[in-house]
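Questions regarding the structure given below will be posed in turn.
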Amino acid sequence: MLIIMNREATHEQIQNVVAYIESLGLRAHEIPGESRTAIGITGNQGALPAAQFEELPGVVQAVRVTKSFKLVSRETKPEDTIVQVGDVRIGGTELTVIAGPCSVESREQIFKSAELVKRSGAQLLRGGAFKPRTSPYSFRGLGKQALDWIQSAGKEYDLPVVSEVVDIESCEMALPYVDVLQVGARNMQNFTLIEIVARSGKPILLKRGPAASLDELLNAAEYILSIGNYNVILCERGIRGFSDFSRNTLDLNIVPAVKEASHLPIIVDPSHGTGHRKMVSPLARAAVAAGADGLIVEMHPDPDHALSDGYQSLYPTQLDGMIDSLRQIAPAVGRTLNPRP
Amino acid sequence: MLIIMNREATHEQIQNVVAYIESLGLRAHEIPGESRTAIGITGNQGALPAAQFEELPGVVQAVRVTKSFKLVSRETKPEDTIVQVGDVRIGGTELTVIAGPCSVESREQIFKSAELVKRSGAQLLRGGAFKPRTSPYSFRGLGKQALDWIQSAGKEYDLPVVSEVVDIESCEMALPYVDVLQVGARNMQNFTLIEIVARSGKPILLKRGPAASLDELLNAAEYILSIGNYNVILCERGIRGFSDFSRNTLDLNIVPAVKEASHLPIIVDPSHGTGHRKMVSPLARAAVAAGADGLIVEMHPDPDHALSDGYQSLYPTQLDGMIDSLRQIAPAVGRTLNPRP
Amino acid sequence: MLIIMNREATHEQIQNVVAYIESLGLRAHEIPGESRTAIGITGNQGALPAAQFEELPGVVQAVRVTKSFKLVSRETKPEDTIVQVGDVRIGGTELTVIAGPCSVESREQIFKSAELVKRSGAQLLRGGAFKPRTSPYSFRGLGKQALDWIQSAGKEYDLPVVSEVVDIESCEMALPYVDVLQVGARNMQNFTLIEIVARSGKPILLKRGPAASLDELLNAAEYILSIGNYNVILCERGIRGFSDFSRNTLDLNIVPAVKEASHLPIIVDPSHGTGHRKMVSPLARAAVAAGADGLIVEMHPDPDHALSDGYQSLYPTQLDGMIDSLRQIAPAVGRTLNPRP
Amino acid sequence: MLIIMNREATHEQIQNVVAYIESLGLRAHEIPGESRTAIGITGNQGALPAAQFEELPGVVQAVRVTKSFKLVSRETKPEDTIVQVGDVRIGGTELTVIAGPCSVESREQIFKSAELVKRSGAQLLRGGAFKPRTSPYSFRGLGKQALDWIQSAGKEYDLPVVSEVVDIESCEMALPYVDVLQVGARNMQNFTLIEIVARSGKPILLKRGPAASLDELLNAAEYILSIGNYNVILCERGIRGFSDFSRNTLDLNIVPAVKEASHLPIIVDPSHGTGHRKMVSPLARAAVAAGADGLIVEMHPDPDHALSDGYQSLYPTQLDGMIDSLRQIAPAVGRTLNPRP
């Protein structure tokens, strides 16, 4: 159920509705918009009668929401959500580029990466400290040490930091060090993890699972919003298909589909979405042209000696070139991308 | 087997190699390039010994080709193929846009469509006369009457015409009327049809099947080239996936993959690739940004009353807007798109 | 629209309804059932008013059919269709096994195959004369010569013959030689071919395309029935998926789904459905246990020297063993499989 | 690396090899077989030289294993693994059937379920206490209360209990109550969870993720074995495809593929694999015929009023009928299924 308040509804009227909802043992989610406030109700088992809400002062309408997701829905909040990370605004007019190595491998490697990322014009630094790996015998990241190094590198080059967490322990470890917590594709429906990261209050980068439908992706995001954390950035990173030429099938159709169904920002990961260095820049351009709010790409100072995912990591000069071409495309989709620093 | 000739090889030397190949009961395919000529050999059952060819005058090297396709391969011909249709060059610097209704429905409808297509800046007119339809009870096109109308409309507005053929009968009927023969996705591995259209000598628009791998697509094209028709335009139109938000999954990863593996041009069909009018322009932009040589899109003067595919056909003004935005993106990928006439 | 006649409706009443339907410019399809006759109507563009039919003598009810397929629907004809091929009944209590080599390679090979097939207890002989192949350079079958040989082998060992046709030419060539015409997976939506084989009046083996939905499969069959040929055998042969352990993904879920939606028999091809000899027998057993009416399997007297698909062809003794185990499973699903001759 | 010991190797020789491996900072996994012992080595970053191991007394051969999984591989251990749960042996000649409701809903419901499961001849009781659900607003299970009830019901009817855990908290809660810990499909690559359940030492039921390859499934199991817990039961439960007639696509090809690649038992879940009650029994029969070691199926005393997954839960009499028909199929695949108690 979604309660739409009058444009002129007072603060008291809104609080009154919230109090009434809570008196029923339900949860109220205030969703302030540009022109009016809406209040989402969650926690009800069955349908609620609209009439009892529509009689409250300041209420225009009580809308039954048929989709299982509510808070992420554009019906609930027509305006785009902008997620603020430091000085960076994700989901606004300015495109966001997140870049860096798959894994933090050494202090030197991540500082060099940060320098190159900054130089390219990208605004955030990525780097893995905890790596979920298909095989138990693969390199799984340097943990706390990596977090400490990437935080220092981010500070040195004035870049907020994005890093993946995989469980409660890594989440607690990462909290003091990172600015955006990433939930990886394999964990999109690890609801325990999702609730833990949601409660941190930090912005969350939520990657679409390789077999996830739009409904499942938005419901996973709904878990986060239903806990009261509205700072969610969705990410398309390729789905599993039958391709004989790419690691995954990058599904850019989802970009306009998300834009229609939800107010949340969506970025694209062309590194995992293609799995081949040569394809990254073309698909990065495509993602921006399709309307994505930004990109997350793997770049390594020396990809040929990377400990993980080297074959899909850009060379530093490729990152520069990619961002230069995005700067040309941005105006065609009503976006900007600031010049290199 | 591929015979690479010396840069300075004479015409006689080339003819000598061709004659030798034919004397073995095999077929020789001369592939002139910018700097040197190559000669593809087909018709051999097993491997051929390289040495016997390398001794012929003017031959640099005889290369065993491990892929099952040869003539479509960029190894065979490093330079991009440009397919010339009237004054339009598909595969060069200039982007190509093909637009028009799913089906030719009436003389008036296709003339109005042609006028709108011309006005938008698109260079070719599409319109179906023979429609393969899932159900035997659906509208299957107006056949010869449609061909006559679309030819007249194309002439009136100086637009070469693209139309699908589905069998030997429709192919024979269409030949005097159309400039490009389209082989639809359902027929990508209808090899009898492919050989028939190939023999026409006309340019062929070959659509990727909904479950076709890159290898299968390029082998289907190889059928056409092996018959001696080198004027093939590939087309990505969406693959079958599990999407709950689009009719098909548009697979733009294949664009750079084709560019690397083959010299043939590739265009993209965002109408079938998404199945929703609202998604067509974003994905059209994405296709161009990914490096496609052009687009084929459905536009109808009155989509709400179209006899087929109305829900994915652009309104005329949407076509104008789409092309305007492509014009902005083109320079970022080293392309041009001429101003509206 | 489907007209349900009274159990006691007379022949005159039925002919009267047919005549009325035809007087409207529509087509009537008489569908005799065990207890009553139904009459399907095709050819109407929009909905027909039920009332005008329900007033005719002998008519119980006129049912609007919402699915795009009608004649293949179990609503239209509740009783299972049994396709008679020589003495073999496909779709009844007795399981049907079709076996033989991928391609007819020589007179000796197909005679030896027929002998082995007969010995195993299988009832029909398969063997390709026209092979659609991914690459234009692969072996494409021996054509008319192969047809002549397989017919002779079938007669010698009293086995009706199944062979694939790919176009009008091969269909005309095959008609005098074969008992069942096969439409391959690549051609499931080659509607021209489907209509040609339908008109032959012969039983048709229609293979599901690798990306075909149930709706598409049944609509392809509907093309055949709508022309008046009711002898259609459906065949599941694996869909395209992401498998790293089999050539295709055999989709046995479709067996009970077809049984619910349609009256047509469905058999399964575990050779293409798995692509590995070792998996053929387990999946053949699974298909029968899931309720399939039979199987089509590749067996070669000498698979290691087969010209095509040798890696998925059974050794002769494996065919024997497979059929022996099917004989044990049959009673659990209310079927029989006769002892070896 | 895998060290193959001589058939006559002494205990001292084996311990000597283990000690040598550990002295290199690596991990040794003793894998006793029927005729000889093998020793798996894990923990090495790069390749190890075989020669240095082959010189040790009692060693026959040191084999480099190219797959990323080792301990789950049939190369490592040729004999089938049998997982013992109470008196039930999973992976042996006797088929195992696990049945029960999706969720434990009340004491009465789970006791009634247990009675019906026992009566049917199934050997284990399933029932969810912690339910991962797509939407945050769906019923998520009764937690500890449910565990207490299902344990009591299992004891009352002498049925070991299987229940899903989703995180460290639910795992700790479940440990005193359940006999087999289930890791759900959404969590197949939640490696933190997998390591937690592995350390419990309990038998683990590991479900294949909806987009998981065989390699990924076996590597997920490898995580468990690499921790020293060898009691893993794999489970196929349907993959995500494009089906318009079933919730998932049950991929029975994986059954013989697992049997070839690994020594671990594999069971099949036809309830989730089809998503329709009517399809469950046919596909259960198919799974057994394909060689599965058992089944896990949803049965509810009153499916029409189930709190979750009612539409795919069997009626009690359907479970009886299904197991009766499995009893008929079992001998065809060299299996048994004991008569009802």
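By letter and in written order, the chains are A, B, C and D; residue numbering begins at 1 in each of them.
Please note the rule applied: a residue touches a chain if its C-beta (ideal position, glycine included) is under 8 Å from a C-beta of that chain, and two chains touch if they have at least 3 such contacts.
Being a predicted model, the structure only gives us computed values, none of them experimental.
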| item | value |
| --- | --- |
| Set of chains whose contacts include both chain D and chain C | A, B |
| Far-end chain from chain B, centres as C-alpha averages | D |
| Chain B and chain D, separation of their C-alpha mean positions in angstrom | 49 |
| Euclidean distance of C-alpha centroids - chain A vs chain D, Å | 34 |
| Chain A: positions in contact with at least two other chains | 211, 215, 239-242 |
| Chain D-facing residues of chain A, complex | 42-43, 68-69, 132-138, 166-169, 186-187, 189-193, 209-211, 215-216, 219, 222-223, 226, 239-240 |
| Chain B-facing residues of chain A, complex | 211, 213-215, 239, 241-246, 249-257, 260-261, 273-274, 278-279, 282-283, 285-291, 325-326, 328-329, 331-333 |
| List of chain C residues in touch with chain A within their complex | 240-242 |
